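Note that chain A is present in both complexes that follow, paired respectively with chain B and with chain C.
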Partner chain A sequence: MIETIWFGLPILVQDGLMLAGLLLPLVATGLICLTGFRVAPLVTGLLRKHASLSATFVFLVAASVGISVALIAQERGLREGTARAADKFDLIVAAPGSEITALLAAVYLQPSAIPLLDGETYAQLEQHPLVDLVAPLAFGDSWQGVPVVGTTPAFVEHLSEGLNTGRVFATVNEAVVGARVALNPGDELKPSHGDGSKGPNSHDHTYEIVGKMERTGSPWDNAILVSVESVWGIHGMPMGHGPDWDWQVGGPFEPSEFAGTPAALVRANELWANYSLQSEFNTSDTMALFPGSVLAQLHALMGDIRQVMSILAVTTQVLVAIAVLAGLSMLSRILAKRMALLRALGAPERFVFAVTWSFAMTLIVTGAVIGLLLGVFLCFGVSAVITSMTSILVEARLAWPEIHLVAAFVSAVGLFSLLPAYRASRRSVLTDLRS
Partner chain B sequence: MKLRVDALSVESPQGQRLLRVPQLDLATGRSLAIRGPSGAGKSTLLFTLSGLLEVTQGSVKWGDLELAGLSDAQRTRFRGENLGLVFQDHLLFEELSASDNAGIAALYSRPAQRAAITRQASDTLSHLGLAADIQRTVTSYSGGERQRIAVARALAAQPKVLLADEPTASLDRKTADALIADLLESAGKAKRTFVVVSHDPALIEACDHVLTIEDGEATRFD
Partner chain C sequence: MKLVLNLLFSLFAACAFAGEGHSHDDGHDHEKPSGRDHMATLGDLRLLHAWASETEDSDVLVYVEIENNSGRAVTLLGAQADFAARTELVGFQSQGGESGYTRLPKLPISAGAKMILKPKGVALRMVGVDRHLHEGDDFEFTLVFEQGEVAMTGQVEAENAAQHSHAGHNH
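Up next is the complex of A and B:
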């Protein structure tokens, strides 16, 4: 019954209620502790008096909260970014081998030596009634570390959904660049064999850039796309077409002239047809994989890592909470004479308790709020670095789980702080007064 | 509020006798100076009268209230409601202003009393010559001024009893005389019982009664 009502609520309401629930013990404790007293002048006075000590506490809490928040948000941002990068890759068909290797090569442009798909299989895909789009993805060359991928004009249109500038390549001498490549229409390049790590080994072929793609948020933003025919041609292989080829690039290809491709992107004309194609092309000679499905397996593995990261984040916060509480115990000794004076003047124990607890909570809440802001900045910074390193657009943002984590942390530390506050209120007045 | 002490004995937690006062009576509105050599037990008596030290044996009665039977929390409440305390070394909250120090009781008193305490603190500061710029932190005040702030704090809640420990010890003669006059005038006006520990002959002379303590024993009451 309660479960039905709960899951019937809008997500925003659920998150808001969860936040309220997490903060409720803290708010209730605060109300019970502070009702009837004015602690603000003493607490602000103590903050001024112990400014450096207070700043250290706040920094400790802020660093812990910031790092924990950033860790969790970053992991989610990375997961979303990798999934988004695979959006355009409905089905990948490759020669049998490792699915993950094929995924990394075809979607994330991390090529490794994988067997080639032959012309017969490619022709079957081209002619299949359920296939809307098929494109070879032939990698292996590069320009100044930027991968050069041989494919078809149709794939460029599919990936970029219209170019940012220029047009799609139409000949073996033309190329299109991803949004983050430092080349523009009119520029020329000579590709090198491999990833360029073995020194200059340029092919004797020049491409002219004729277009620049829209940003895709994937590693393809940092790629140069050329006709697969030109890739085959500069490697001295058949160029995919018969003797009467008119030099117009793109399929269909002649099976006997098809030099092979590490992978082919396939898009079915109906969503359900992808499953049929996957089943049909998962044979002893070919491997068909859904990038999304392989990614889900990887994310499941990352899910374990996520749990470990979450445990690490919580452990960090628990350790900081223990450090804060130990610090508060020490602090209560530093404040002992003041608190004893209050009690000597007639202030009730509960007032001393309220002052000590409020002081602790001011440090913790301030640290947590600064930590949240720090977490946001860390998210932006680390996301930018990852995006720059991988070209996978990572947009880590603060979300409800992080806010819930911080609320739980503040609430828990708030409750634990009752102990040093209680001990501070129970100290011997005369001993502390004479100290 | 009258004071009656009977067969009072105070011992340390280790059982060492700190103070013995066979009998002491002080009528409401009267003043008592406690004198004796250093370490004789003067402050111990003051702390016992304020309920900060527990009575080991005997009786300390303020009005009809027996301190010996009260819990720590009850003694604290008694202090808050009836006593004003002035310490030898001021014991002010250094981080607060003169005004906040003098009116500190407003922070933990009942809401209905707060305005009166704040007003009284301000009036007393003004009466003691500290009307100007009382929002400054007390660290910027001289020793004499700080002692007057401590007096204003003790009087802010208009206590029935004022207990002071060496209030003139750190003051020059002129300032000390002015403070003695203020304390006695205030006590007289409010019919406030005043008990003070002092070495200051002028202050001792100005009080109605004098109790001499030597080696932890009350030896003479005049």
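Up next is the complex of A and C:
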């Protein structure tokens, strides 16, 4: 019953209620401790008197919270970024082998030596009634470390959904570049064989850049796309078409002239059709994989890592909180004479308790709030570095899970802080006044 | 000890299912499962290793291997189960960094093809399940194809299972 009501609520309401629930122990403790006392002037005075010490405590808490939430948000950002990068790759058909290798090669353009798909299989895909788009993905060449991929004009249009500048390649001498490639329409390049790691080994073929794609947030932003016919041609292989070919690039290809491709992108308009195609092309001769599904399996593994990260984050925060509370215990001894004076003037034990607890929570809550802000900046910074290194657009930002984590931390420390507050309130007035 | 108990329970369940039959008359072909050997047939269609993960959720994903050994395509439409308020055919989809299961209207399986319903792929979602599924439990359901219906017995695997514990066995 409760479960039904809970899951019937909007997500935002669920998150808000969870936050309220996590903060409830803190609020309840605060109300119980502070009702009937006006501690603000004394706490403000203590903060001023011990400004540098208070700032150190706040910095420790802020750094711990900021790093923890940024790390957790980054993991989620990376997971979403890698999934988003695979959005355009509905179904990949390749020769049998490792799904992960095929995924890394076809979607993330990681250099891999994988067997080629033959012309007969490609023709079956081209002619299949459920297939709306099929395109070869022939990788293996590069220019100054940037992968050069042979494909069809239709794939470029599918990937970029309209070019940023110029047009799609139409001949074997033309190329389109990704948004992050330092080339523009009108520039020329000579591709090298392989990934360029074994020194310059240029093919005797020049491409002219005729277009630049929109940013896709994927490693394809750092790729050069050319006609698959040109890739076959510069490797001395048949160029995919019969003797009557008019040199217009793109499918359909002649199976007997099809030199092979490491992978093919296959797309059907309906999800069910993609799954149907997957079952049909998962045979002893071909492998069909959903990049989204393979990634989800990898992300499930990362889900476990996320749990470990969350535990480590909470442990770090608790350790910092313990250090802060230990520091506060020492501070309460320093303040003991002032508190004893207050007690001697008639202040009840609970007032001393309330002042000590409020002082501790002011530091913790201030540190947590600054930590959240620090986390936002760290997210932007680390995301920018990862995006720059991988070409995968990572947009990590703090979300409800991080806010819940910090709320749980603050609430837990609020309860822990009762201990030093209690000890401070139970000190002997006479001893402290004499000390 | 737990293994022995599971084994005894499995033997008991196999005996219980051996004498069980199904009787329907709605114009479709109906065939019955061969009990605890994890297989059922519908003409040249072989259905193997139906399973679900242990869960206390009210929605349960059920997986099965379907081998279409016939010379024509068949179409999976969904399933029926007495222990669920409704069932639906779903497919895993990832879009814009978010992923989840989307309802599928049908799933054609080509002649000679093998369709494996598995986690992060195609599944049968049983919605509003009236009991908790515990590892080692059996459950009964009916797969609905355009060409007919077939009753099956599924097995509940561990919560983190990725496949049926007999996956890969020949039947």
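Everything below uses one rule, namely that the second predicted complex is superposed on the first by the 434 of 435 C-alpha atoms of A that agree within 3 Å, B and C clash if a C-alpha of one lies under 4 Å from a C-alpha of the other, contacts with A are read in each partner's own complex, and residues count from 1 in each chain.
By our rule, a residue touches a chain if its C-beta (ideal position, glycine included) is under 8 Å from a C-beta of that chain, and two chains touch if they have at least 3 such contacts.
Note that the structure is a prediction, hence the values are computed from the model and not measured.
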{"item": "Fit or clash between chain C and chain B when superposed on chain A", "value": "fit"}
{"item": "Partner chain in contact with A:24 - chain B first, chain C second, else both or neither", "value": "neither"}
{"item": "Touching partner for A:430 - first (chain B), second (chain C), both, neither", "value": "first"}
{"item": "First (chain B), second (chain C), both or neither touched by A:280", "value": "second"}
{"item": "Touching partner for A:36 - first (chain B), second (chain C), both, neither", "value": "first"}
{"item": "Touched partner set for A:305, first chain B, second chain C, both or neither", "value": "neither"}
{"item": "First (chain B), second (chain C), both or neither touched by A:295", "value": "second"}
{"item": "Touching partner for A:271 - first (chain B), second (chain C), both, neither", "value": "second"}
{"item": "Touching partner for A:87 - first (chain B), second (chain C), both, neither", "value": "second"}
{"item": "Distance of closest approach, chain C and chain B, by C-alpha atoms in Å", "value": "53"}
{"item": "Footprint overlap on chain A, comparing chain B with chain C", "value": "none"}
{"item": "Touch list for chain A against partner chain B, complex", "value": "36-39, 41-42, 45-46, 48-49, 337-338, 341-349, 351, 429-430, 433"}
{"item": "Residue ranges of chain B touching chain A (in the complex, touch as defined)", "value": "47, 50, 52-53, 73, 76-81, 83, 85, 91, 93-96, 100, 104-108, 110-111, 114, 153, 157"}
{"item": "Complex contact set, residues of chain C against chain A", "value": "58, 91-99, 102, 104-110, 113-116, 120-122"}
{"item": "Residues of chain A defined as touching chain C within the complex", "value": "3, 79-81, 83-84, 86-87, 271-276, 279-280, 282, 290-293, 295-297, 300"}
